[in-house]
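For clarity, chains are labelled A, B, C and D in written order, and residue numbers in each chain start from 1.
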């Protein structure tokens, strides 16, 4: 069970790496943003996985007073925040990419660099 | 059974992520990202994070996809293929992966109730929420109450992003295609239009339900704001950009964005004026618990207003732009 | 007992249609036939699956919610298929015939 | 409102003013509100600095919830110093560059631009005021997103690729930080920094903590522009509006450095044996490379703003160098250099903003004879340059002197470090001289008619230049704050 219990963390690691690879190795700016979005989602998975309690339920107290087992609410709160931060970054990044496309006529990193140098 | 299902979902997540990176068509990649978000939302739900799942579905799979598509309409969908030397990225990734895998070996097993993460602060929230806040959704109580300051920061992040999109796309460039017909949406397509119009009231209603029911069940300002924004965006998609703008002009949207955030900050400052700390709601009413609830309502309202305004404004900023020649 | 058996049959059949829909979307030659296959998932697949779950949940709030979900899916699914077909018809671009969608 | 509310006010004033600035239309009103709110925050910061100088920390429970459950604001001497730097730089940069801002920010963008400026101020203040690890992440994102907007807010389209690179690298840095915080939270169950310090010692399984050290340090080093993670810095500084460069160059990377030191000295030091040695072993070489390589690049750089940006990377190296000596003197030097560098670089970039009102291009070749056309501007630039080099009598000398003293205490490596400091100072003489030579000793291309910057800009520029001299001769206040910051950071290092 030890291995199964860590599967979430391994998926987190691999997703993180896939995202990071897309960011670093891909020249297309939209691809980079998509990679960034995977990269951030991976971290959400890390937090939510650590919040899980075996046999627990969502932290909504139905019958006050009865002892119940709940999953940890704090990481949920943190990740709610992080999701919003994520889409904010993506939206801003997309706006910049649109402007780059208008100014430079391309969204490939190396072509932008080439045109940047010509100016 | 649930474990096995989670296992499958996680594996699908991996497959989808690889497909996103590999596909040369950006449009396909964006649609796959939407699927990725839905799978992620399902995973969160299995891990008992109902609120997070709702947010991921509404924001990750919904709004984020719409924004990507709006941008792709201006950018074009093909990725250029180039041979690049992948050694440096691979080295960086290898090192990071090694660190993380190394770290996992001492991590507590998934779901272990004795893990340190469940010991210190978290039980306090679960115990004190009914007493101090008088609400059943602990996530909402922590989000808008105990850690409301974080949430203020979060509202400001999305406000900043909204202002950023408006600022960056404020500059209009000549050289768009003049012969392009004005965007009329799906006005000439009867079936989607009728069905879509039928759905919009329900979408908005569901958003409002989430807004006001957040204390008792999954929901709250972020989810509500995102879903209401989707409803408004759907209207603009069906009736055309101009009609969408007519019901909520940029001026109004800016007002909503700024107003919601200012409402949140003002609630905080009111707490100070009433003799407490910043964001202390207990002074709002003679009964501290009622004061807390009022404060949470106001704060969530601010969140909902800002999120709606920002997402709709960001959509219009992309949709209302002419594609460069 | 009978209800259990019925719901099991519905779930299994629903799963089968979803699978066939997916297979068709992958294997059929062009966009329109693929869409035809995919709509199988939308209609029969969801109907049977949700029906099976409804039988399991009995008369409760969950059933009402499931009915609502079913209602929305039955409305949006065909509309989405229509919009897709329409877009394909207007752009006259069926895509390369033998690649995965 | 009483003095107890000051920590919250330091953050709330700019943040509450930000949405209002967006509603004030396209005229000068947003600018006026931003300047006013910034000046208000500056006043709060000075009051806080006075209050924090004598005590270990001022603690403030947001929402009235006690510390590990609610979010705590924690103002130490270190954070108060940074608050002064942030709000001071913002106020000066806003007040002193109105004509330059009017020229560079088109009217349609102004309401959002000034709102973003206030959000950047509030976000940076929020980071240094916060005592909660996740809260720091949230405000880091507020300030980062706002900075991206400010940098892209001008008319130079070269800023766009630069800001995209900054956005991607900044997000990676912030996400790495978030991973690190998650790992620590996983092992300690708390997010409050003080609480973390106390509980991290009880963690038996150290592997996640070690990984967290790596992620937090790397993520923050990325955001701080520590060599070799500085590649986003030069272009982001160079092509942004000049007022923005003056503001961001003065404070933004230093705030990330602050968080880095806060974590490494206070949180990790308590639990990990020899953490200080590993920290120094990792950062000291990077600092030395930063100082030497970035200075050398600046020597060869042909564009004034990029030259100054590379110099900033080198100066970050000095701060890291001081910190990684792990002695009170070294840390004091590193921290006081944050203040003095903000003064010097702020002055230099303000002078650049003045130059840009009359010169279309800021390439060194195009600045020939600038001193004949704008003698007052260039004189102030020279004062800032002297302070950057570290000539006695200027603020820059104070930190260089402390740095040399601290290095001399460090034995054999110390002597080598002194050599590095001396060599790099000579290099900075070279690159400042290149500007001076172009401005004074080359014939102007066009006419040599006097065309000074607007008087309001000159007045603020000279106030900043004179501050360099004042704090060179009277370094008591920043030194006292830095010294007390260094002592509190080092309390866990044996």
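Heads up, the rule we're going with is that contacts are C-beta pairs under 8 Å (C-beta built on N, C-alpha and C of every residue); 3 or more make two chains touch, one makes a residue touch a chain.
Quick caveat, the model's predicted, so the values are computed rather than measured.
Undergrad: Where's the contact count highest, between which chains?
TA: Top-ranked chain pair by contacting C-beta pairs: A-B.
Undergrad: Which whole number of Å gives the spacing of the CA centres of subunit B and subunit C?
TA: The mean C-alpha positions of subunit B and subunit C differ by 28 Å.
Undergrad: When the centre of a chain is set as the mean of its C-alpha atoms, what distance in Å lies between subunit C and subunit D?
TA: 56
Undergrad: Taking each chain's centre as the mean position of its Cα atoms, how many Å separate subunit A from subunit B?
TA: Roughly 12 Å, centre to centre.
Undergrad: Of all the residues in subunit D, which ones touch at least 2 other chains?
TA: Residues 134, 138, 141, 145, 148-149, 152, 179, 185-186, 191 of subunit D each touch two or more of the other chains.
Undergrad: Counting only residues that touch at least two other chains, what does the list for subunit A look like?
TA: In subunit A, residues 16, 20, 50, 74-75, 78, 81, 85, 88-89, 92, 96-97, 99 touch at least two other chains, as defined above.
Undergrad: At which residue positions does subunit B touch at least two other chains?
TA: Residues 100, 104, 107-108, 115, 117-118, 121-122, 125, 147, 150, 153-154, 157, 160-161, 164, 168, 171 of subunit B each touch two or more of the other chains.
Undergrad: Which chains are in touch, pair by pair?
TA: A-B, A-D, B-C, B-D
Undergrad: Note which residues of subunit B are touching subunit A in the complex, please.
TA: Result: residues 3, 6-7, 10-11, 13-14, 17-18, 20-21, 26, 29-30, 33, 36-37, 40, 43-44, 47-52, 55-56, 59-60, 63-64, 67-68, 70-72, 74-76, 79-80, 82, 84, 86, 88-90, 92-93, 96-97, 100-101, 104, 107-113, 115, 117-118, 121-122, 125-126, 129-130, 136-139, 142-143, 147, 150-151, 153-154, 157-158, 160-162, 164-165, 168-169, 171, 173, 216-218, 220, 222, 307, 314, 317-318, 321, 324 of subunit B touch subunit A.
Undergrad: State the interface residues of subunit D toward subunit B in the complex, per the touch definition above.
TA: On the subunit D side, the touching residues are 1, 5, 8, 12, 15-16, 18-20, 22-23, 60-65, 68-71, 106, 108-109, 111-113, 115-116, 119, 122-123, 126, 132, 134-135, 138-139, 141-142, 145-146, 148-149, 152-153, 179, 183, 185-191, 195, 199, 203, 205-208, 210-212, 214-215.
Undergrad: Provide the residue numbers of subunit A that touch subunit B in the complex, in ascending order.
TA: 1-2, 4-22, 24-28, 30-31, 33-35, 37-38, 41, 44-45, 48-62, 64, 69-81, 83-92, 94-99, 101-102, 105, 107-108, 110-111
Undergrad: Any idea which subunit B residues touch subunit D in the complex?
TA: Within the complex, subunit B touches subunit D at residues 99-100, 102-108, 115-122, 124-125, 128, 145-150, 152-154, 156-157, 159-161, 163-164, 166-168, 170-171, 254-255, 257-259, 261-262, 265-266, 268-269, 271-273, 276-282.
Undergrad: Which residues of subunit C touch subunit B in the complex?
TA: Residues in contact with subunit B: 72, 75-76, 79, 82-83, 86.
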